[in-house]
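There are two complexes below, and they share chain A, which is joined by chain B in the first and by chain C in the second.
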Partner chain A sequence: MLDIKNLMVFFENALALNDLSMMVNEGEIVGVIGSNSAGKTTLMNTVSGLIIDMKIKEQRKGGERITVYGQITFQGEDITDVKPNDRVKKGIVLSRERHPIFPESDVMENLKIAGHMKKMSELREMTEYVFQLFPALFDLKKRRAGFLSGGEQQMLAIGMALIVKPVLLLLDEPLLGLSPHLQSALVKAIKNLRSESGITILITEQFARPVLPIIDRGYVIENGMLTLTGTGAELMENPEIKAAYFGI
Partner chain B sequence: MKKRKERIDRGIKVRSEDIFALCSWREMLYLSSPRLLPIVGLLVLSFVLSLYWQKVLLSVSVIALLAISWDLLAQSGMVSLGQALFFGMGAYLAAIMNHYWGWSPFLTMPMATILGGLFCTVLLLPVLRLRGIYFAMVTLILPIMLVRVIEATRIFGGTEGISGLTPLPSRWFELYIIIVALLAAFFGFRRLMGSDFGLVLKGINDNDRSVMNAGINIYWFKAQALFIAGSVGAFAGAFMTHVYMFVGMPVFALDYSILPIAAAIVGGTGTFAGAMFGAFLLVPLSEILRGLGGLRIVFYGLFLVVFIVALPEGIFHYIQRKYHQFERWVEVEK
Partner chain C sequence: MLLGTLIYGFVNSIILALVALGFSLTFGISGVANFAYGALYILAGFLSWLLFNSVGLPYILAAPFSVLLTAIAGALMYRFVLLRIRGMVLSEVIATFGIGLSTLELFKYLGFIGFEYTLPVFIDYSIDIGQVTIDMQRIFIVVIGIALAVFLWFFTHYTKTGLRFRGIAQDERTALSLGINSDRVGTLSVSFGAAYAAIAAIVILPLGTITVDHGYEVLINALAVCIVGGLGSTGGVVIASFLLGYAQTFTATYIESHWVMVVPLVAILAILVIKPSGLYGEQKELEERI
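Coming up: the complex of A and B.
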């Protein structure tokens, strides 16, 4: 469904993604595993199109120059130059890292803002679904989002991405800053999400241990380059992965 | 063939970064010419300009002083919309000391500088805890309020102002004292922001909570920055009072708040040089446009809009980048 070919991203003279090719099939959960500064977030920004906006702004300010080469195809359509808002309309929705939410609005309003493109009835249905997925959020419906704890904000951020009924959900480091308990709850929720609504999910993460069991296929990137690919189980057994990400 | 534009430092910049710069005249010139340019430029300008343009140079320098004082505040996390407060405070203090107490300009100017900075700091102390737009609003309101106080209570000449103040000895004296003050403030501020003190101020702008976490009382540092910036603004006011031999309500006018900000934005913030450059561009431009009458403001506004849209980083940053770096197309290698 999503096909990335020879993607190269330069930030000024630094190479963030080097000749990266990967694909995501319909209904799969695909994980991108990499340590800090591997290029995970750049990959997500490029797939969601945010990099186009960053590029224009940096150019205006005369700051670092961003160069993007390569091709991204989504459902057989070349979306390399499609603007981020149009990509959301096509069904590619990103939940950015460090759970950015609207701190001044309450939880319900946040969900409504995120789902403003949807009809009221659909929105109600999806809100219920999000509360079902994250029961903790239901009790906090009227709480201002800025007062939520980090984990709750993370759940809200993912809920905000879900409410649009994405075709392809991009999760950028969803486990960042969560307790092990919340991590496993979230991973379970992601797994249920796929089995219930059948959406395709692309996760980037540096905590490989909780993520690897639920993914169908995984890519390991280092310094913007693909180093390993395989199914979740294969990666789990790989001695290099064990050494680098499990500390065994 | 895929290509991308690469931007790298010029060889001469890298060579002149350490002690080896002393090996060749070219490297030394590369380092010193940007620093010498304002000094030599101002001295030459003071000789070659006609009487009218010398007067323009005075107001350019005053706006430049206000602009670099605005830049200092902006770099310390305090965006002020009221440079007129500093300017007007200095102007009125100098006038009062001269008119009522009969002090000579050589006493009133330094006194107004220090007291003006002090009064402004005390006035703004309660709002130091505010950040961003709230601080800006209070600084915008204060000069407008002071004008009304003077108008309503008719103190210090009321709407008429105080005239017949002692002039400075000669026009050359006027010219050189403001040039020296501008250069001293400019290089002083640059040195200040490079010191540890400046580092704390920059830290307050970036993330004040982290600075607090380092065990530093940020309000004390903010107050000091406010005093320094306020003093520079007050000096500009005191100087202009003695040049015009008059002080009145216009010293609190919005022009003295907006023009320095426009200069700093057009020139580029964060370096002081940008703010100064902006003042030397905008004030003469507004003088040249004077011939257009009412259309002057229209053209002036258009010029500002074009520059802010096309070069949001500021002219100075653009020039600086071109001076230090060059660009070329390189092939993307696999």
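Coming up: the complex of A and C.
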């Protein structure tokens, strides 16, 4: 479904992604595991197209030069140069890292803004689904999103991405800043999401332990380069992963 | 006497709110401080004058048509100038101020000076409230001012385009990742602001003549109201309009009318010293509390 070939991303002369190739099949949950500055967010921004917008803005300012080489294919179509809002229409929706929400709006309005392309009836249906997936949000409907806790904001952020009805959902470090208890709750919700709605999910994370059990396949990246790949179970058993991420 | 001051102060407050709404709308959504605002206001005035007097359209058509043309002018300004310098605040200010200045001075150069440049009032009639006589045009200003403020609130909270506005206003990148087209929203925001300026012009200008200098005055008033109220906050705009509106009217009545122009400038200075983000600086509100 998603096919990334020889992707290279430069910020000025710094190489953020180095000759990265990977693919995501329909219905899979694929994980990208890596430490800080491994290139996870750059990968997500490139797949969602945000990097095109960043590039244009930097160019206008005369700031950092961003260069992207390689090819991204989505459902057989080359989307390397497609603008972010058109990628959303094709079904690629990104939930950015650090709980991106609209802080001044209440929870309900956040969901409404996310559903700006949807019909009223569809929006209502999807909102109900989000509340069913994250019951905690239902009681906070009227609370301003800026006053929610980190975990609640993360649930809202994922909920907002779901409202758009993605074909491919990109989750950038969804577990960042959450307590272990919330982490496992969220991981369970992500698993349910796939089994209930059949969405394909690409997830990046530095916390390998909670994520590895639910992914079908995983890629490990370091310094923008692919170092390891395998099924979730294979990666769990890998001695290097154990040493680097589990501390065993 | 006091009743008259209170009533005319109320009308003056609504005038300020009308003038500031469009400026605040544009800034609140796309962060563009549109310093061509006064020029757009005067442009709308002269356009409807030209359409009415030179082209010969009936006024009921000339007025909305000039609002439309001004909105298009705003959109073009964004597409061809502002888009290239988005995100660089100082460049945006210089560019819009330059456009505004050249538009206004062009009108002056073309000879749009004189007492014949007036817009007709909607209905030539006046009513008495107690012992105070007030003309219908000022009643219209109050009604339309309130209607536009209420419309703006409903628009930004309950329509799809309005929700996109609110999304972009709060976090552009998140809005982008949800499929909101930031360039389109930016164009619309400047265009909407220009339309609000045009509507304000058509309602307010019949009270006097259309002069180029009035354009600068409008810009200063809009700026003062927005800075005092807090940039981008509609509630703040309304409250600041009443503060400044009554301050101006009381100054005119009890001190001397030529001090009126000083009021907005003093207000800007005072608020920058006391509370720089304005009375209701929505953008800062959360950060200050957390």
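Definition applied: the second predicted complex is superposed on the first by the 248 of 248 C-alpha atoms of A that agree within 3 Å, B and C clash if a C-alpha of one lies under 4 Å from a C-alpha of the other, contacts with A are read in each partner's own complex, and residues count from 1 in each chain.
The rule we apply is simple: a contact is a pair of C-beta atoms (placed from the backbone, for glycine too) under 8 Å apart; a residue touches a chain by one contact, two chains touch by 3 or more.
Being a predicted model, the structure only gives us computed values, none of them experimental.
Taken together in the superposed arrangement on chain A, chain B and chain C clash.
Look at A:Phe10: by the touch rule set out above, it reaches chain B but stays clear of chain C. When the two complexes are overlaid on their common chain A, residue A:Arg65 makes contact with chain B while staying clear of chain C. Legend: residue contacts after superposition of the two complexes on their common chain; A:Asp19 is shown touching chain B, with no touch to chain C.
Applying the stated contact rule after C-alpha superposition, one finds that A:Leu169 touches neither chain B nor chain C. When the shared chain is aligned, no partner comes close enough to touch A:Ala38: not chain B, not chain C. In the superposition on chain A, the chain among chain B and chain C reaching more residues of chain A is C.
Once the two complexes are laid over each other on the shared chain, residue contacts for A:Arg96 go to chain C alone; chain B is not touched. Of all the stretches 132-140, 222-230 or 240-248 given for chain B, the clashing one with respect to chain C is 132-140. Across the superposed pair, chain B and chain C both touch chain A at residues 60-61. Every residue of chain A that touches chain C in the complex is listed here, in rising order: 48, 50, 53, 57, 60-61, 84-85, 88-89, 93-96, 100-105, 109, 112-114, 116-117, 144, 146, 160-161, 164.
Residues of chain B touching chain A in their complex: 2, 4-8, 311-313, 317-318, 321, 332, 334. Here chain A touches chain B in the complex through residues 8, 10, 12-13, 19, 60-63, 65, 67, 69, going by the rule given at the top. Of all the residues in chain C, the ones that touch chain A in their complex are 84-88, 157, 160, 163-164, 166-167, 170-171, 173-182, 282, 285-286, 290.
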